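Two complexes come next, and they have one chain in common, chain A, joined by chain B in the first and chain C in the second.
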Partner chain A sequence: MNPAGQKQENTSDFVFPKSYNFPPFFSPQPTTLTREAQLRKWSIFIQRYCKHHRIFQLTLIETLDTPLFYNATLKKRLSLKDAKAVIDYMVSKEGDERAEWLGSERASAWIWWRKPEEWANLIAAWVDETGQKGTVLTLYELVQGETVEKQEFYGMDMEVLRKSLQTLVKKGKAQVFGAEDQQGVKFF
Partner chain B sequence: MFLKKPDLTAGCRPTLSQDETLLVVQDGVGLYEGKYKIASCQKGHAYLTSHRACYVDDADPRANSWAIDLKDVERHEHQPGFLKSSAKITLYPKPIKRGFGSVSKSAVPQSPAFQRVTSASSPSSRSSSPFRPSAVSPADLPVVIGTWVCPICSFSNPVPSNFDPTIATEAFPLPPCLACGIKPPFATVLKAAIAANAKHLPESLPSSGAGSVPDSATGLHQSYDDSNTSDTIPCPRCTFHNYPGMRICEMCSAPLPTPNLLQRVEFEDSLARAGSPGPEISGLTLEEGGDPPSVKFSFRNGGDRIFYDRLKNAMIQRKWLLQNAPPIPRGGVDHPPTPLDMANITPASVSRPVSVGIAGLEQRGLQTRKINETVLGNAFADLEALMASAKDVVALAERFAVESNSGLGFSGPSSDVVLSQSAAALGMVTTKDVLGDSSTSLYISELARNLAEYATDDRRGILRRQGGTMSLVDLWAMFNRSQNGVELVSPTDFRKAAETWEKLGLPVKLRRFKSGLLVVQRRDASDEKTVSQIKVWLNSLRVAEVDETPTWEWATYGFGVTAQQAAARFGWSLGVATEELEMAEERGALCREEGVEGLKFWLNFLLEDE
Partner chain C sequence: MSTRRGVGLGAFTNRNATAQSYAAHGSNLKSANAASLQAQLEVFQSLLHNFALEHAATIKSNPTFRAEFARMCNAIGVDPLAGSNIKGKKADSLWAKVLGHDVNDFYFSVAVRVVELCQSTRAENGGLLGLKECCESVARGRAIGGGLQVSEDDIEQAVKSLEPLGSGFVILTIAHKRFIRSVPKELNTDQSTVLEVLQLLGSVTVTLLQLNLGWEPARAETVIQDLLADSLVWVDLQCREPEYWSPQGLIDENE
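Entry: the complex of A and B
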């Protein structure tokens, strides 16, 4: 996988799931079993879409007209209410906590196509591999430095990075210090 | 056979023939043959129609149902309930024309009226007419009439009817003397029989030549004269054998039974006391063993009085005789109200060929209106007349319906069909009137059967045309409309009747959808069947030709269908179609799409993995 290259690619390369062309996909299903299957499909689809476009945070109002929620060929869209319901599902335990609302008004949400712990493990593994344990790295260096260009977490959202590192801190595997803009991290 | 197997309708009621009408229904009825209960027929419904009395078993109606043609019924008897014994109605069959009964009849010719009835009902009863020549051929009908005098008590006994002097042997089981009970020597009886035959033949021949009904009156006297040895009338008081011409006993002056009555009394005695040990009876039972036993209806839930009243009426009316009778003559109906009407009609019909153009048309219209007026006027003159002219009125109503439809250039197919079939519905309707006492549960169960028949009737095909499922309200409306505005069924009763379908094992069932909509379905209908039907249909849409290629992958997903389309496809009403689709959705077979075009249902691909 080449995140750097992929970033520039336009949406046409994204392979939409089959269900995306199935009109009922965009209508909430009243039957429990069908509804669960529908939500699961939406969740997988949103995660794939966000991963492809390296979207970490979704603001629903802004994305309603994007191909994610609007199928131009079918002229079908997911309404704001239904989109919120989908994110709600992703936030819930059944949805594997693949999303997290920002604030209580539920206007935008983190989409965890990789959860903070997973990011943390990825970074820790890279630090371990490159033998940088014990050295202090700036956060900027971690996501924008030349050495990480080939890594998946290159260009990662700073907020997500901080959340990920917090999970490591909790486990006692890293230590974050420094002021707002010049934070550093040290792995043990 | 006296008991016959009736045809049953879908609702497990006896199928009525064309002119037959249902008179009474009563539940909780048991059946007896002779004196004994028929074990398999102890709980059922009794149906009295104008032609038959039927028993339909509750548990196994197809196997244990019996009908008795009223035309085969000789006599009926009502026996009120006493203590633990329920009220019973006994039907006695007409005797089979042989044995004791027939012989005494041939010896004592019947009154003309009686003979006419029997000969009208069955040709075989001819043998009871004084047809003497047959006695010559002994194997055919051994008519041997004579009396033998008992050597012990010198009582004159009749020679047994089945005793044929030409073939009888010593082994013949001779009946004992009626007075002293001692068996006579064979020779005595043989002599008596031969003597009677020798006397009998020459004189009876001429009268038998004119054996038709009108002559029987003269034949009556002749046979009294020549058969004085064979026919004596035993006095009921002192047992003295009187000369047949006597009306009072020569010994004790007691009134004697008339010959005709006598014969019947004797016959009835033989039936009623078949099991008693009297010597004379044992002789009689031997002879009439071939007769079918009487049949008793035992009314454990009451209702016997009304049943018996209607039975009596039916026996008096004898509608079966009228089966092929011409309709009630017009003249009688047309004349009485106003001779003026007739006067008006006649010139009009005469002048019709003359008048042409608009005047002619108008005249014809006027004439038709006059006739209609007469029919309606007579019909509503009083209720009796209405019943009599019911068919006319219905025919008229049908014509009006057709005319009004064609006039508008619009025909409501369903209502039209219903109207035209209303005439057929007239005879077979369960009304509270039919059910004697006002037992509600019986009314409901009969109504349920009636409805089941109505809905599944192949001629009307009401349920079939509705795709096998129709809402209860629709059926109610249709049913009441077919009643021509009389004896309408209340919604409560209708609902209750529908709820008993399942219990009565009828071929339709009531089903409640999730929304609470009540529908009528065939008993064998099931959700699985419906779902698979819908699925097959939707799958077939995937290969269907389309005018304009849709934006989705229709080869995979097919098309979404609306409730209207489903209704059109399966013949459902819209409400039913919606419910059925939602039912299929709930079972995961379908999923929905809400869009500008309304609610559409698709095969459920959401459940499939990518």
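Entry: the complex of A and C
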């Protein structure tokens, strides 16, 4: 039924879900239950895709023609309206708050394949393991330094980093100081 | 003369006597037959038992072999899962005797996986799950203990082991493909027909149903809408005419 096993060229070894080769996946399903299953599948797919390509933020209009929302083999696409509906679902509680709109015009959104607090936990764990509690680290070295090259948060979006650290600050587990481009952080 | 033609009153008693002796002879034959059949059956069962013991390891490890063994049991009317096959003596099932108690457990654990899978995919497939897909998914096994090497027959056996629970899980065949139906809903003839066509073609349109089955537009439309409402088909609107697809084979490893 599905032209399974099709390789999507030019998107280095990302394994597309089976539903991606299922034409109805790209049309909003009229039945509520089916629709819920469909939205859940889209959410998981988007998170996996963004994680694979290390995409932190999606601008919908720019994404419509990329393989994420357009299946060139099937010539099926997710319309802007439907893409918004999917992100809306991801933003919602049912969608596990896996996305967050930037601004009220709903043009771009953060995709939380890891939520800020999940990133924060990763970073805090690494700081703890490497015995750097109480040391001041610059935000730059935290995500670009040689010592973090093997860490998952290596090269992560600075804005996401700040958001993540804020969750630690709120819990009193870290302190962030300094000006915009010269920020440092201390973990307790 | 009278005895030969049997016309006197005495003929009634004679006839009764004859009938009685026929009946007696018949029941003698019957019980003799039954006894010999019984003996044969016992011999056969003990042979089957020996066979099973001898090949226990293979039955346990090889899904194909297990399926063939189960098929053989079925053919001679022995249900390996049932407890009372081997007369009277022990309450354990043949499986349990042969493979130790963990074999019933084996089927129950398969059954648990099947139930999980049916439930988690119900929203996308309307409670109709292909045995093949189910098999693959169980084998990939995201759950505790990793993948179980199972055959389609194992799954069928597992579903049967759920019957006493009144689970409502049923195996049904549509166009030579076996499915587990986990939603207690009867499909009407038209719906079954469309599902059969979907098995063969992958997708259908209302026009296609009209042309090929000679259905009135309203009839085709109704069937499709019913199937759609039950999540048994998904609709693709990005075509000249809406196409309806069977959602089999959508289960993903990483979901």
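Observations on the model:
Operating definition for what follows: the second predicted complex is superposed on the first by the 177 of 188 C-alpha atoms of A that agree within 3 Å, B and C clash if a C-alpha of one lies under 4 Å from a C-alpha of the other, contacts with A are read in each partner's own complex, and residues count from 1 in each chain.
One rule holds in what follows: a residue touches a chain if its C-beta (ideal position, glycine included) is under 8 Å from a C-beta of that chain, and two chains touch if they have at least 3 such contacts.
Keep in mind that this is a model prediction, so the values were computed, not measured.
Chain B and chain C, once both complexes are superposed via chain A, clash. Of the two partner chains placed by the overlay, neither chain B nor chain C lies in contact with A:93. Of the two partner chains placed by the overlay, neither chain B nor chain C lies in contact with A:81. Of the two partner chains, chain C is the only one that A:48 touches; chain B does not reach it. In the superposition on chain A, contact is made by A:73 with chain B only, not with chain C. In the superposition on the C-alpha atoms of chain A, the part of chain A touched by chain B in one complex and by chain C in the other spans residues 17-19, 22-31, 33-34, 37-38, 41, 75-76. Within the complex, the chain C residues that touch chain A are 122-124, 126, 202-203, 228-231, 234-239, 243-252, 254-255. In the complex of the two chains, the chain B residues touching chain A come out as 551-553, 556-557, 560, 585-586, 588, 591-595, 600, 602, 604-607, 610.
Against chain C, in their complex, chain A makes its touches with residues 1-2, 4, 17-19, 22-31, 33-34, 36-38, 40-41, 44, 48, 75-77. Across the complex, chain B is touched by residues 17-19, 21-31, 33-34, 37-38, 41, 73-76 of chain A.
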